[in-house]
Structure formats: structure tokens, C-alpha cells
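Shared between the two complexes below is subunit A, which pairs with subunit B and subunit C, respectively.
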Partner chain A sequence: MDAIILQILNGLDKGSAYALIALGLTLIFGTLGVVNFAHGALFMIGAFCAVTVQRFLTLSFETVDPTRTDFLGNPMKVKTPYVEAWFGADTGAAIINWSVPLAILFAIPIMLLIGYAMERGLIKHFYKRPHADQILVTFGLAIVLQELVKHYYGANPIQTPAPDIFRGSFDFGTILGFDPNVIIYPYWRLVYFGFAAIVIAGVFSFLQFTTFGMVVRAGMADRETVGLLGIDIDRRFTIMFGLAAAVAGLAGVMYAPINAPNYHMGMDFLVLSFVVVVVGGMGSLPGAVLAGFMLGILESFASMNQIKAIFPGIDQIIIYLVAILILLTRPRGLMGRKGVMED
Partner chain B sequence: MSKTDISRRGVLKSGAVAGAGLAVPTIFTASSAHAFTNEPTGSSVTLGFNVPQTGPYADEGMDELRAFQLAVEHLNGGGDGGMLQTFSSKALKGNGILGKEVKFVTGDTQTKSDAARASAKSMIEKDGAIMVSGGSSSGVAVAVQGLCQEAGVIFMAGLTHSNDTTGKDKKANGFRHFFNAYMSAAALAPVLEKLYGKDRKAYHLTADYTWGWTQQESIAAATEAMGWETVNNVLTPLASTDFSSYIAPVLNSGADVLVLNHYGGNMVNSLTNAVQFGLREKQANGKNFEIVVPLYSELMAKGAGENIKGIVGSSNWDWKLQDEGTKAFVKSFGTKYGFPPSQAAQTCYVQALLYADAVERAGSFNPCAVVEALEGGDSSLPGISSPSNKGYLFDGLGNGQTLYRSADHQCFKDVLVVKGQENPTSEFDLLEVVEVTPVAQVWYEPDNPMFAGGNLGKCNPGA
Partner chain C sequence: MFGLDKKDTTLLIVVALMVLLAPFILNPFPEGSAMAQFNAGYPDLMQRFVIFGIFAIGFNILFGLTGYLSFGHAAFLGVGSYSAVWMFKLLSMNIIPAIVLSILVSGIFAAVIGFVSLRRSGIYFSILTLAFAQMSYNLAYSVLTPITNGETGLQLSLNDPRILGSSATADGSIPVTSLFGLEMRAAEQIQIGPWAFQFSVGFYTCAIIMLIAFYLSIRIFRSPFGLMLRAVKSNQQRMNYTGLNTRPYTLTAFIISGMYAGLAGGLLACMDPLAGAERMQWTASGEVVLMTILGGAGTLIGPVLGAGFIKYFENIFSKINESTLDGWFSFLPDGLQHAVVWVADHFVGSGWHLTLGILFMLVVIFLPGGLVEGGQRIYAWISGSKRKAKAAETKTEPAE
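After this line comes the complex of A and B, so read on.
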């Protein structure tokens, strides 16, 4: 029982990331009809927003300390971050410590801008082209973005730690009556899950309770009629693209402390996120969220030693197996609508 | 109307056969013009440096490349000469190799065996590389070593730590300077016993390929011999990035030590996940929970940041060693690049020098002559009485007296036990050398069961 609870918890943070990326993918597909293979790259850029803010806050000036020598025997250059010099050592250190949450403020405008530029600069030229063309061009864009990040930040993972206050783990087991140390869960992963839930709720509320959201939903249902009513639906859809990019970016920022960001992390999530979208049902926002969490938890279960002892390697293929089963029994996915991608 | 017998399909078939014939690599076809593969005829000689520039071991790969560039510079008489000044053999004069200017080509192994073979093949066939070196994965090393043996060029392995490279997969044309999993285990076990006691239960997470398997086997054997129990060993795919689902069950398994048989980006992620789960602050079986990373490097320590503090592991070499060779190398490398070299850089630099030196001593680029020079006759390491203690003995390259053993082409030298620095004095002060384990303690016989099953075979000069 404890192992089951542990793996459900474990699946939540991965599921949260899948759900957030899949939500953005579905938003773009539902509004603009574009299959965006560069969405994983947006997640990666989000994570690198956290890295950039961390680097910015730790920008330092050098002073020579003649009492110490460096590894070559020269007087040692000591680096002091500007923020520590400006705000005092303690306050400066605290600001650096909170670089990941601070990066959220930086990432939102940046990601909106990147999303806007991507849609206006490239993707709008491919609306009337076949899905295969869209996939090729967005996949190519993803590779370009990935290589750019690699060029500027290097090929290696860059540690982007969460604030000290979230270090360590929470003992869930003791609350549920188990022995100590049986069900533990890192604090930051709890934060990630809570954050994902808030973002998802925010996106749904925005679409459900605002006039803007209502128009977008109407446009998703029948773009032509909304256009005939004199509403500039294209402009709104462009904004939705920016919003989807921001959601992916935020998912990336908050994921940075969980796994040190590297240029390739977007690709690792991209394929799985597409499976999530297809399982959830193309164009269905609740389907994407549901499938994201479901597949995250399933993947976690499949990596249990007891299950791997019976089916070796199952953790690598479980998501695809489940996708095949669901698509065989429900060809439109869990919550897919009729008519989407069926023309 | 005339009817010809030429059909479209016939033309295609003959075209394909002719194409395939033309495409057969020239290195695998007999050529009377050359005595051996890629015999250098001009004023220069080309070496092939095959390193991971992308993938989980990219950091090591880039440092290897820096070291190779420095070695080429020194071989051609540039810079301050680095370890050429301290090397016990004085055959190298800084005028290239046998008077020929050293040039090099590079390839990206991507830490994938097929990609590494493809890039090595291209360097041998297209660029005329006479020696291939580098690599940061044993899977890759074993694959490229096999290719070099077939092609008739020398393979000077880079960072490869699996027992198999000079065990069951050893080849006459292949040489390894880096230490191996058995040596790590032999050096680590006494230190682990001293630090954590004899009564421990270990849980292993192991990268699922040749290096991971042999390291796990070696560490389990050495720690079990001193009384530890191995509770579980879970294999993790090399491509894994999130290890949380593997780490979550560890605390509840009855174990009080987690052994991470991971390297490079894998290790950075698994250690970060383990620290996130708070394992290091936990108690198990009435003892502090401990994490051991049997093989790690400065680059990984840098990647892992704060998480590495106090973690024990082993290392082939460290820039803080105080011998003359190390000092010379650190000075050259540090002056050129602005930071100290990693152990991957040192092993690659040394391998390039050892190859060049062997060619000079042999007086020929012929791979069989080079093999003979590196096998070195009858010199032996002092203090070890064994019939297999024979090979090429050298000094001054950073690890003290070192033997390239002729029986399996494995280098034998002292091994370092290291620990993540608790209070670093600079940004480069990441590892603390806990102990320099003497070579006698990590010595094994060539027929040790962990290395059994292979055969060096005969050197292959190729063409």
C-alpha cells in the first residue's frame, strides 16, 4: 500500500509537467489548428529563463586577494555578486537563493513575446499547409532553438536549485499512519504540483469566465462564423499562442530545480506530451490534463521494482502501450471530439 | 523495331552492385602500395579524436578535446611542452612524430556506439587517421576498439572504466590508460569500511550498459567481502533524466547506503534527486544514510553543485596532486584555458603522448611496431611479484610509476579515493583527495574472473 501511494505521489510531478505541456499543445491545436512540435523547446526555454535569472543575479565583479593564490600560483581573484555588494551579504544571498521563483516574473513576458514572435514570424505562414508541413517546420524550429541554447549555455545540465526553504522532503507516511521514512516526498515537487494545479485552473477560468475566453472558445468551435460576426479572431488566437507558450515556459521554470536544465530537455518531454494529447483526445483541454496526470502516474508505477521484475523494461514502454490500448478502444482518445483531425 | 535485353530493373541491379563495390571501404581491401593502414607518406600525420560533444557525457568530451589540442601543440613543439618535460621517456623532441607534423580531426561519438563507430570509420577512411583516441563511455570504447582492430589502426582509449574494455573485449590494437571498475572497488572498499563500518546494507542504482554492470559487480563483490549486504540492484536506462521513481523506494528497502553507479549527466541527475528526497538527512537501521558514487570527476562535481559535498568516490587523477608531471600539465592547461584540467583531459593528453612516444621508440607508424613498443618488453612495477607484472614502465605523466601491462594493455598505477570538498577554497576546489591507494592494492591477475573470456589476439596492421 505504501509503495502504491509513493508512486502515485511520484507520478504527480511528472504528470503535472506532461499536463502543462499538453495543455499548451492542445490550446494551439484547438485554436490555430497547428501541430506545434516546437512546444517542447518552449518548455526548455522556460527552464533556461530560470538559468538566465540565476546567472543574472550571480553576476559578479572580481577583486584580487593577495593573501591567497589560485591554482596557477597567481594572486586569487575573488568573485562577489553585485547583488550582495548592493543589498548586503545576507539580503543579496537571499535574493540569489530565490532566483527560481523570481524567474517566473521574468519568464511570463519573455515567453509571451517568444510565442507571439513565433506565431507571427513563422507559424502563421503554415496555417493553410498540410499538418505534415507544420510538423516539419516546427520540429526544425525546435532543433534550431535547441542548438542556440546549446551554443550559449553549453551541453551540460546547469544546477538551478530551489530556495533553501524547500530543500529536503516531507514525510507523508507519518500523517497516514505509516512508519517514518516510508512515504517521503520532496517539498519542491509538492510546490510544483500545486503550481501546476493553479496554472491549469487559471487557464480554464480564463477560457470559461472571461469574454475573451468565450470568444476564443466560440472561435475554436466555429472560426468562420465568429469571423463573420466582425471579431478579429486571428488576433485573439495569436494571443492564445502566446499564452500557450507562457504555460509551457512556466512549466519549465518551475521544473528547473527538479532536474538540472539542459538543452535537450524539451525533446525528452515533447514526444510523451504528444502521446498525452492524443490519448486525451485531440483538441480537448480537460482530456489533455487528465491524460497528463494519468500517464505520469502510470509511468511511475511501471518503474516499481516489483512490476519490473515481472515485465522487464516496462517503464520505458508503458505510456505507448496504454496509448495503443486507448486508441484501439476509443479512437478519438479519452475525451476527443468528433470531427477533429478527421477530415 | 529492335528489342534490347536491358530492362529498367536490370540496370538498377547492376548499378547497385557496382555502387556497392565502389563503396567497399578501401581500408578493408588489399592494397600493395601501403604496408599498413593510412601509412603517412607526406610531411604530416593525422590523429583522430573521437569524443562525445553531445549527450550525457558531453562535458567530459569537450575537456578531452581541449587536452588533445594541447597535446598536439606540445608534440609539434608549441607552448611550454607540458608533460613532455617530465615524461621519463625522452624520445619525444617536440618536432612532431618521427619528424612529421601532427594534425588531427575530430568526431562526435554522441555517447552512442553506432554514432561513435561511424565517426571513427569516417576519420580512418576519409581523413586517413592512423590512431583513434578519446571517448567517455565504455560502450563506445568497446565498439570503437573493435572497429580499430578490424581496420588496422591503434586505439588509445579515453575515459572508459568498464572491466570489459581490457577484459573480455580486449584487443591487441587497443590500449587503456584510465583505471577500471575493479580498481575503483579495490581502492574504495577499505575507505568505506573505515568511514561507514562493516555492517551496512547497500542499494545499487546502475546505468544499464557494460560500464554500469561491471562497476556494480566490482563494488558489490568488494563491499560484500568486507561484510556489507547488497539489498537490491536496479538497472536504469542510460537515457533516463528523472530518477525519482527509482529513488523513492530506497528508504523503505531496508538499505542504509545508496550506491550510484552512474556517470556524467546521469549521476548529476540521480544524485540531485537523491538529495531532493532528503536521503542524506535520514537515518536507517540506526545509522546515518550514506550515498556513494564509486566513480566521479571534477566536472560532475561541478554539475552536481552543493549535492556532492561529502560524497565518497574514486578518481584516476586529480589536478591537486603534487608530482612534477601533474604540476607541468596543470600549468599548461590552466594557462591556455583558464581552469584546471579534469581527469578525462589528463588521460587523453597522456594517451596522445604515449602513442607518439611509442611511435618514436619503434621508429615506425606500423601499428604492430607501436603495439610492441607499448607492450615494452620486460620492465615491471616494483613491489609486485607476479609473472604478469611485465610491460612498458614509465613515470612523470601524473600518476607516479605506471605499467602498461603487456598481458591485457591495461595501465596499472595508484588510484585516488576522493570526497566532495566540504569547504571549497575556490570555485575549482571541488574534490578532496582522501587517500592515494598504492598500485599493489588494486593489482589483479589477467585471469581474474571479472576480466575473463577475452583474448587480445594479434595486432592488425590493416592494409
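After this line comes the complex of A and C, so read on.
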């Protein structure tokens, strides 16, 4: 029992990342009808927003401290981050410590801007082109973004630690009446899950309870009619693209402490997220979220040693296997609608 | 000739000449000159040209004719490589059984994957093939380690049985791949003036196989079967309405294209007997898509051009480094030189993939028909408006 709960918990954080990326993919697909292969790259850029903010905050100047000497006897050089010099040592250290959450504030406008520029500059010209062309051009864009990041940040993963108070693990078992240290779960993953839930709830309520969201939903159902009613649906869809990019970016920012960001993390997630979207049903937002969590949890179950003993290597292929099975038995995915992407 | 019409025969002969004379054509700059780094006439690179040409030709039979975009073709390449290396380990170092086995195994593999994937079309097909390829890649890395040797990759060793050959040569080293005793790595160098031309057995073996593959693809393009595949591309629904089941046709195309990929993988192993899982990674699948698109999907010569183009520039661009750039732009004023070199440095050396990505986007955006279409446009532009006016006059609208 405790092992099952532990695996469900372990699946949640990966599942949250899948769900967030798949949500963005589905938003783009549902509104603009474009298959965006560069979405993983947006996730990666989000993670590198966290890296950048951390670098900015730790920019420091060197001073010579005459009271201390290094091992050669020379006066020691001390690095002081500018932030600490400006805000005082304690506040400065706290700001640096909280760089990942702070990066969210930085990432939102950046990602909205990138999403907006991408849609206006590139995707706009591909609405009328075949899906194959859309896949190919966004695939090319993904390579470009990835290589640019690699050029400036190097090929190695960059450690981006979470704030100190989230280090360590939460003893989940004691709440449920198990022995201590049976079910432990890192705090940051809990934060990630909570954050993902908030973002997902935010997106859904934005679409459900605002006039803007209502118009967008109407546009998803019948773009032409909404246009005939005198509403500039294109502009709204562009904003939705920006929003989808921001969701992917936020997923990336918060994921940085879990897995040190490297330039190809986007591609790794992209393939899986596409599988998630297809399993959930193309164009279905709840389907994407559901499938994201489901596949995340399934993956973590498959990596249990007991299961690996029966089916060796199952943890590597479970997601693809499920996707193949679902596509063959329920061609529209779990919650796919009729008439979406049926060619 | 060979059951081809006049135009196709000319094309085949031109390609044959270009491939067979490649050691000359690709070596235009004398040895030791400043431009010698742009030469591509050495066996290793030329082999890659033709092998990836085969890969792209095969991919084009699927994508160019039926419009099914497979993102998992590298899996067949990897499977082909693995089977060829196993043949070298178990049977003998002769390349014939290795190539035959790699074609067969990848064909069976393609039949299984195609049977499942072709139930869906459009983007679902792309994702299914991608999922299968990633699955094979992950399996090759983990559970199938006894067969694939995991991360290290499959290599020959002195302890291999090699029933029909010998485990080791007389001097105790691993035997090399050969065609009935003709070693693949054997090469002849001819010195003409300052030029040095290299002729290797490996390259010519690959070249002849590639020409056969190219000939077969022309025949497929011109056959009733090819016509049926084109019909699938233009409107599958109508085909279904006429009471025709298209799936056997698409499946056959998928298997043929998988066998081509397997052949390419087998040849890669013949030239250099090792196989690794990274050949199956989806970036490798993306590369063949790129080659086909860049050359011109659905055209005969396109994929060959695309493969050659990409492999050539990959080789050249990766070799250029900052000091080379500094040398080139040294005529500029100092500050400007630094700026230009700084910008250009992004695109060369390890930045080759950036160039590749940009090229990819530019081709898809501006030249969806690839290099072939570009060539045709230039040709049309040169041959002037007279021809265009005539064409417009005689053009008839197809009846819908």
C-alpha cells in the first residue's frame, strides 16, 4: 500500500510537467489548428529563464579583504553579489535564495512576448499550409532555439537549486498513519504539483468564466461565425498562443530545480507531451491534463522494481505502449471530439 | 533503356556518371591549396553521401508518394546496422549476407510497425511512428542489451565465431569487411599533377548499390503501383469511395521504404562494422526528413541531392573554426572583423545544427518544393517569359 502511494506521488511531478506542456499544445492546436513541434523548446526556454535570473542575481563584484589571507598569504578576494551590497547581506541572500520563484515574474512577460512574436512572425503564415509543413517548420524552429541556448549556456546541465526552505523531504506517511520515513516526498515536488494545479485551474477558469475566454471557446467551435459577428478572433488566438507559451515556460521555470536544465530537455519532453496529447485526444483540454497525470503515474509505477522484475524494461516503453494501445482501440484518444484532425 | 522512357534514362545516366565520377567531381581543388578544405572527395565522406542517399530515396517512396510523414525511420536504419553487425559476428565478414539480412530484418520490422501505424493517418501516423522509434531506441539501450550491447554499441571482437570465416586474421587482429576477398577499406590513390584522387572499394560498392536502388525507385515511381500511391496522397477518401482498400498499397510502400532504410543501415555497418542505438534516435529520423524536403519531396533526384547537400555542408561547416573565420575576414577593418566573426561563429563548428535548423525553416517557408523546385524556378526565369506565356495558353483546368 505504501509503495503504491509513493509511486502515485512520484508520478505526480512528472505528470504535472506533461500536463502543463500538453495543455499548451492543446490550446494552440484547438485555437489555431497548428501542430507546434517547438513547444518543448518553449518549456526549455522557461527553464533557462530560471537560470538567467539566478545568474543575474548572483552577479558579483570582487573586493579585497585585507583582514583575511588565502593560502598563499595574499590578501583574499571576496566576491559580493550586487544584490547583497544593495539590499544588505540578509535580504540579498534571501533574494538569491528565492531566485527560482522570482524567475516566474520574469518568465511570464518574456514567454508571452516570445509566444506573440512566434505566432505573428512565423506560425501565422502556416494556417493554410498542410500539417506536415507546420510540423516541419516548427521542428526547424525548435532546433534553432535549442542550438541558440546551447551556444550561450553550454551543453552541460546547470544546477538551479530551489529555495532552502523547500530542501529536504516531507514525511507523507505519518499523516496517513504509516511509519515515519516510509513515504517521503521532496517539498519542491509538492510545490511543483500545487503550482501546476493552480496554473491548470487558472487556465480553465480563464476560459470558462471570462468574456475573453468565452469568445475564445466560441472561436474554437466555429471560427468563421465568430469572425462574422465582428469579433477580431485572430488577435484573441494570438493572445492564446502567448498564453500557451507562458504555460510551457512556467512549467519549465519551476521544473529547473527538479532536473538541472540542459539544452535538449525540451526535445525529451516534447516527444512525450505529443504522446500525451494524442492519448488525451487532440483538441481536448481536460483530456490533455488527465492523460498527462495518468501517463506520469503509469511511468512511475512501471519503474517499480517488482514490476520491472516481471517485464524488464517496461519503464522505458510504457508510455509509448499505452499510446499505441489507445490509438488503436480509441482512435480519438480518451476524450477526443469528433471532427478534430480527422484526415 | 531498362524499361525507362527517354527522360528517365537520361536522368539515370546523369546520376550514374555523377556518382561514379564523384572522386573527381568532389575534388576540384588541388591538394594543399587554401581551398582544399572544401574538397569532399575522400572515401569516408563519399560513402556517407551515397548511403544517406539510399536512406532518403527510400524515405521519399513513402513520404513523397503517399504523403505519410514518418518520424521514426531511423529505427529501420538502426535495425539494419545491428543485423549486419550480427552477421559479421556470426557468419563471415562478407558483406552480401549482412546486407541481405539487414534488408530482410528491417522489412519484417517495417511490416509490423506499418501494420499498426498505418491504421491512422496525418499527424497521428507521425506520432505513432515516432513512438515506435523511440520505443526501439529505449529498448536498444536497456533490455535488449544482450543483442545491442547497450550504450557501448555493438562491435566485433576476436571471440566471435564467424562460422564461414575466421575469428581472427593470421596476425591476430579482427578481420575487415570484404566482398569475396575484396576489402572494403582498400583504396587506390591516383596523383594527377597537384590533385590526389582516391578510389575506394567501399565507395564504389555503395555507389553501385545506390544506383540500383535509384533505378528501382524510378521504376516504382513510374509503375501503376506508384500511381496508386500518388492517388492516396492526393485524396485518400475518394479512393476509399471507389471501393478500393488503400492500406495494402500504403503498407507495401512503408515496407519498401523500411527496407531501403535497412539497406542503408546495413551498408553503414559494412563500411564501419559497429552499430549504436544513437542511430535510431529521433533526431536521426528528423535528418532524413530534412534531406528529403530540402532536395524536394516527391521528385526522383531530390532526396539524393538533399542527402549530398546536407552531408557535405555538415562536414564542411563543422570543420571551420574561429581562426579560419578570422583569416577570411582579415581584409575588414578590425572592429568590423570581430563583429562579423562573432556573428559567423554561431553558424560554424559545433553551431552547424543552428545553420541546419535555419536552413530547414527557410526551405519549408520559401521553397516547399526543395532544391529541385528552386532549380526549376531559376530555369524558368532564365528561359524567359516566352515559354511561360505559351504554357499559360495551352494550360487546361482539370475537371473537378
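Here is the rule we use: the second predicted complex is superposed on the first by the 328 of 343 C-alpha atoms of A that agree within 3 Å, B and C clash if a C-alpha of one lies under 4 Å from a C-alpha of the other, contacts with A are read in each partner's own complex, and residues count from 1 in each chain.
By definition in this document, contacts are C-beta pairs under 8 Å (C-beta built on N, C-alpha and C of every residue); 3 or more make two chains touch, one makes a residue touch a chain.
Predicted model only: the values in this text are computed from it and were never measured.
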{"item": "First (subunit B), second (subunit C), both or neither touched by A:222", "value": "neither"}
{"item": "Partner chain in contact with A:316 - subunit B first, subunit C second, else both or neither", "value": "both"}
{"item": "Partner chain in contact with A:232 - subunit B first, subunit C second, else both or neither", "value": "neither"}
{"item": "Which superposed partner A:62 touches (first subunit B, second subunit C, both, neither)", "value": "neither"}
{"item": "Which of subunit B and subunit C A:265 touches, first, second, both or neither", "value": "first"}
{"item": "Which superposed partner A:148 touches (first subunit B, second subunit C, both, neither)", "value": "second"}
{"item": "Contacts of A:328 with subunit B and subunit C, given as first, second, both or neither", "value": "second"}
{"item": "Subunit B and subunit C contact sites that coincide on subunit A, given as residue numbers", "value": "316"}
{"item": "In the complex, subunit A residues that touch subunit B", "value": "2-3, 6-7, 9-11, 13-14, 68, 70-72, 76, 79, 150, 154-159, 161, 167-169, 181-182, 184-186, 188-189, 258-260, 262, 265, 268, 299-300, 303-305, 308, 315-316"}
{"item": "Touching residues on subunit A, where the partner in the complex is subunit C", "value": "35, 122, 125, 129, 131-133, 135-137, 139-144, 146-148, 151, 267, 271, 274-275, 278, 282, 312-313, 316-317, 320-321, 323-324, 327-328, 331, 341, 343"}
{"item": "Residues on subunit B engaged by subunit A in the complex (per definition of touch)", "value": "53-55, 58-59, 62, 232, 234, 237, 241-242, 244-246, 248-249, 251-252, 265, 268-269, 272-273, 276-278, 281-284, 299, 303-307, 319, 330-331, 334-335, 340, 425-428"}
{"item": "Subunit C to subunit A touching residues, read off their complex", "value": "67, 69, 116, 119-124, 126-128, 130-132, 134-135, 138-139, 141-144, 282-283, 286, 289, 293, 346, 351, 353-354, 356-361, 364-365, 368"}
